[in-house]
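Listed next: structures, encoded as structure tokens.
Below are two complexes that have chain A in common, paired first with chain B and then with chain C.
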Partner chain A sequence: MPAELIFNVAIQGILTGLVYGLMALGLSVIFGVVRVVNFAHGEMMTIASYAAIIAFGAWGIDPLVAMVPIAVVLFALGYIMQAVLINPFINRPEHSQFMLLAAVALIMVNGLLMIFGPDARNVMVDYALDSFEIGPLLVDKVRVITAALAMAITAGLFAFFKLSRTGKAIRACADNHMGALVVGLNVKRLYALTFGIGSACVGAAGAMMALLIDTTPNIGPAFTLQAFVIVIVGGLGSMPGALLGGVLIGLSEAMSGLFFAPSAKSMFAIAILILVLLFRPQGLLGRKA
Partner chain B sequence: MISRLIDGVPKRALILLGLLFAALLVAPLVVSGYTLSVLILVLYFAYTGQAWNVMMGFAGQLSLGHSLYVGVAAYTAAALYVHFGIGPWAGVWLAILISMACGLVIGFLAFRFGIGGVYFALLTIAFSEFTRVGFDHFTWVNGSGGFFLPVAQYSVNDPLNLRGSPVMFYYILLAITALAFVFCRWLLTGRIGYYWLAIREEPEAAQTLGINIFRYKMIAVAISSGMTALSGVFFAFYYNNLFPEQIFSMNRSIELILGPIIGGIGSLFGPILGAFVLTALADGLNEFMVHFGYEMPGVKLVFYGLCLLAVIMWLPNGIWPPLRKKLGLGERL
Partner chain C sequence: MSVKITRRKFTATAAGAALVAGTAPFNIVKAQSNTLKIGSIHPRSGFQAQLGIACQRGIDLAPRVLKGMGIDANVEIMNADTESNVDVARSRAEKLINDGANVLIGAFDSGQSAAIAQVAEQKGVPYIINVAAAPQITEQGYKFVFRNFPTAPMLVGDGLNLMKGVFEKSGITPKTAVFMHVNDTFGQSMAGAIKAMAPRFNLPFQIVDTIAYDPQAKDLSVEIAKAKATGAELLMPVTRLNDAIMIIREMVKQRWEPPIVMSPGAPGFYEGQFYKTLGKFSNYLLTNVPWYNPRSSITQKLLDEFTKSYKGELFELNVGFSFEAVMVAVSAFNAAKSTNGAALADAIRKTNITDHVMAGGPLQFDAKGQNVNIKSVTLQNLEQRPKVVLPLEIAEDNLTLPMPSWSKR
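After this line comes the complex of A and B, so read on.
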């Protein structure tokens, strides 16, 4: 197998993996702070992808532009979900929270199915087939742009959590729930805000994914699982970890597609997950609990 | 031994259970073929939910990957039958053993490495997804193309090979479900049931009292996966076709656990009630949609999701616990 081919596929995988990383980042932020497993994460991404597809189909808006309003809408969706549905469940057992979000996911998948039908859709922007030539390598323009945006958004979010007062308050909630209550933080509102921020991430990632893959209502659950794999591999609550996890999973998908069968790609991702869970449960870049 | 099964159970609870069992016994004589197929589904979910409940409801370990045990057992029994002509009653033992082995491996890895809660749940999903993709490429059982059992019109029931009419399947499943109910009651009222209760509620306190947490969690996983294996074998011989995409899917795992969660986790009758309620709900919605000519894909499951949401919001412990209180049936059924 020629080395250029392997390199080309590897770079594709890494670039796609950065977008996966942004999607998983949303989950990591939510899980790390609210401690609730968002089992509707992939479904929320699918909603964002459909929003991008509609915006492009109806008004010709580039998904990379539509990304901004879509992230805002998803922020609102996440905020409302946390405030109305999930906050009353904060002290319920895990299986109860799981059921709640599984029901939400079921409604989302089938709601999309009702509205859009089961057919696959995608967005063909006029630069979809452009690529950059770097020596012997050919790199898709779309993937380069989306990967760069994913990194920029992650950096922005990192700065928000490290520097802003709200970001610090949210981290305080994650570190010590009781302490946050004692110093008078409005924990429920901060939880809703966090869920909103996580949803905005997945919204932005969903708009980008509309450019990279074909969207059907049923891809949601697979992406929920993938987001979990990435977050756990990278390390829960670690923002660089989410990107690293995304890159690793993207790379493993690309490589297994090349060397084995594309249909076996999720097997390698899950094998990585099992190994990480067993030997480094806090994840590659996670801190020990 | 026997007396402990009925100790502390109010008489009217026993009478109601007896009536339900009698009604289910005569059901095939009076209901239509379609209703019978729905009842088979109810019993299937009741039994499998009961098996899952041993692990989650009794011992407190949340498994979201029970489709793994169903699928592995289904494929084992079906492959033995198709490739070697070994009947299901012999094959079921190997199916149970393999299922239990899978459960024990997952349990060993998780409990030894101290993986609990959400992480354990994700590990179980990961293993069943891993197996699903593996079976997609497992050519001995025809990979993703699906594995089929030979089907013919059977004029005579052949219970030994599990070939025959739905009525035969119904009675076999009814017997299994009833036995599982009694077995779970026996487990719950014995020493092990109390150990599990302690482990579920306060693992550290349980350990301090000298309960070997690791061992009893492993026993719970073994019993649960072994019981689930039976559903898999039944599934294979009732439906006669197996697709990795379907049998190992995450949706299937979720479907299996909805019954006990809706019915009431940790209770004995909860999984059975949950199976009745959910199957009736799904079927009722179907009828409703067909009746109003409203056959848009997805509508049914959106309603289903809304109903689940309502139950989980307003009945956090499931339907059964408040109901049994109202009926005055004690706390331990």
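After this line comes the complex of A and C, so read on.
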């Protein structure tokens, strides 16, 4: 097998994995702090993709530009969801939380179906089919841009949680819920803020995804599953872990497609998940409970 | 043990018996109804939704068009959505039959059609398959299952024959080919048929690689990179719609430009959404596929109604075959003058409709319930719509090969 083919495929896998990582980051942030698994994660990303498609179709706004207002809108959606819907369920059993968010996911999918119908939609920007030629390598321009943005957003989020007072307060809530209450932090507001931040990540990832894949109302559950696989592999609650998990899954899918059967790509991703669960249950960069 | 019958028990039993006796005539009325209830079962949501909706359009238009042709088409259409899922297809078929459907029509997908066929056979309700190619469906000895669509070997046989015609007409004969197929029931059937039949057709090219991919894949960059690395001069894809779009998009991105891209008989390239999404990049692709006969008067009537009802939508084979399935059901109902399953199945078996929509011979079914008279044509996407280029007697435009470079469009 020619070396340039292997390099080409590996680069594509890593770049796609970085966007997967950003998508999973939202799930990881929310779980890490609020301890609620967002089962409507993929569906929220689909809403963001549709928002990018509308912005492009109606006003010609590039999804990479529309990404900012979409992230803001998703932030507001996430904040409201946490404040109004999820906060009352925080102390309820996990199956109640699951049912709540699964119901939200169902409503979102069916709402999208009612509004947009089942047809696949996408965004064809001028550069959608362009590639960079670097020697024998041919690298998809859209993937390069989206991967770079995914890394920048992750770095920004990391800095926010490490350096800002609000970020530190959110981390305090995650580390010691009781302690946070005792020192007078408004935990419910911080939870809503965290859900909003996680949703904003999903919004940005969804806008970028509109450039990479065709969007249909039904792709949400597949993305929710993929995000789960990534955060479990990377470590639930770990931001670098989400990015690493994304890259690992993207790369494994690409290489398994190349060396084995392309139709068995997702099987390899699940195999990695099983191995991680067996030998490092807290995930590659996760902390032991 | 003695059973004591009181006056109250006797009265209740007698009232029950009277009720049963009183309603019995309604059962007879149901069996001899003047209306044929057609259960239309298609994937109208999920990843095959667009195609299921296209089938549904053909079914919805059929009663109106048939009445316009003076045919007594007293039908009631009952709709069900398989959600692109085999298990859902099975349960929806059962529900349609329980709700009184006399005939089932569907289901675009081979896996879903196979599941529905089992239910229909078990319940003794005729099932007319409008679109589904897996050969095994009509190889089970079913008595109530009929298919007005070519099997995968028929598709492949016609497709490979037409390929030779394309090479001859264009003067371009590829030496190598790569075969890509969606890894579902249909794709596997087509792959099996090509593997079995290609040697018999003495084709001028060698298949250097076969690449199967997940039907719900979101990205086909690896698959195209592999295909490109073979250096093949012909790409033979067996696709659905979304993957067909992904394949061409990736080919443009990876600048892979084989002289010929020709589907041996699969959906994708000729569908409305394909043209809308890819624009100029949709041109020059070829598909060998059963298609409507543009010279048939019924086709023109159906096309007129379709254009009036679905402005901007593409009239294609899913619409045509679905319309014909209703045509077969109505013809059988008018002949049998009954909604009884066995009587309808007998009448369908004797179907002989010479003037119809799709290219090929008369609508007839063999002992297995298969219409063997359907013929494929070669379509080429020109000016962002499918045009018949072969056979020449029904051609709408000239074959244009080799495909121009992606960058020169």
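Note that in this section the second predicted complex is superposed on the first by the 284 of 289 C-alpha atoms of A that agree within 3 Å, B and C clash if a C-alpha of one lies under 4 Å from a C-alpha of the other, contacts with A are read in each partner's own complex, and residues count from 1 in each chain.
The definition used in the following text is that contacts are C-beta pairs under 8 Å (C-beta built on N, C-alpha and C of every residue); 3 or more make two chains touch, one makes a residue touch a chain.
Just so it is clear, the model here is predicted, and its values are computed rather than measured.
After overlaying the two complexes on the shared chain, residue contacts for A:L113 are found with chain B and with chain C alike.
With both structures placed on the common chain, the touch criterion links A:A152 to neither chain B nor chain C. When both complexes are overlaid on chain A, the residue A:D140 reaches chain C alone and has no touch with chain B.
In the superposition on chain A, no contact is made by A:L275 with either chain B or chain C.
Of the two partner chains placed by superposition, only chain B is touched by A:R92; chain C is not. Look at A:A261: by the touch rule set out above, it reaches both chain B and chain C. Judged by the document's definition of touching, chain A residues 113, 117-118, 261, 263, 266 lie at the interface with chain B and also at the interface with chain C.
Interface of chain C with chain A (complex): residues 44-47, 49-50, 53, 183, 211-214, 216-223, 225-226, 229, 241-242, 245-246, 249, 252-255, 273, 277, 279, 281, 406. Residues 1-2, 5, 8-9, 12-13, 16, 113, 117-120, 122, 124, 128-131, 138, 140, 212-214, 216, 218-219, 222, 253-254, 257-258, 261-263, 265-266 of chain A are the ones that touch chain C when the two sit in their complex. Within the complex formed with chain A, the chain B residues making contact are 56, 62, 64, 109, 113-115, 117-119, 121-123, 125-127, 129-130, 133-134, 136-137, 144, 250-251, 254, 258, 261, 265, 296-302, 304-306, 308-309, 312-313, 316.
Taken together, the chain A residues at the contact with chain B in this complex read 37, 85, 88, 92, 94-96, 98-100, 102-104, 106-107, 109-114, 117-118, 217, 221, 225, 228-229, 232, 261, 263-264, 266-267, 270-271, 273-274, 277-278, 281.
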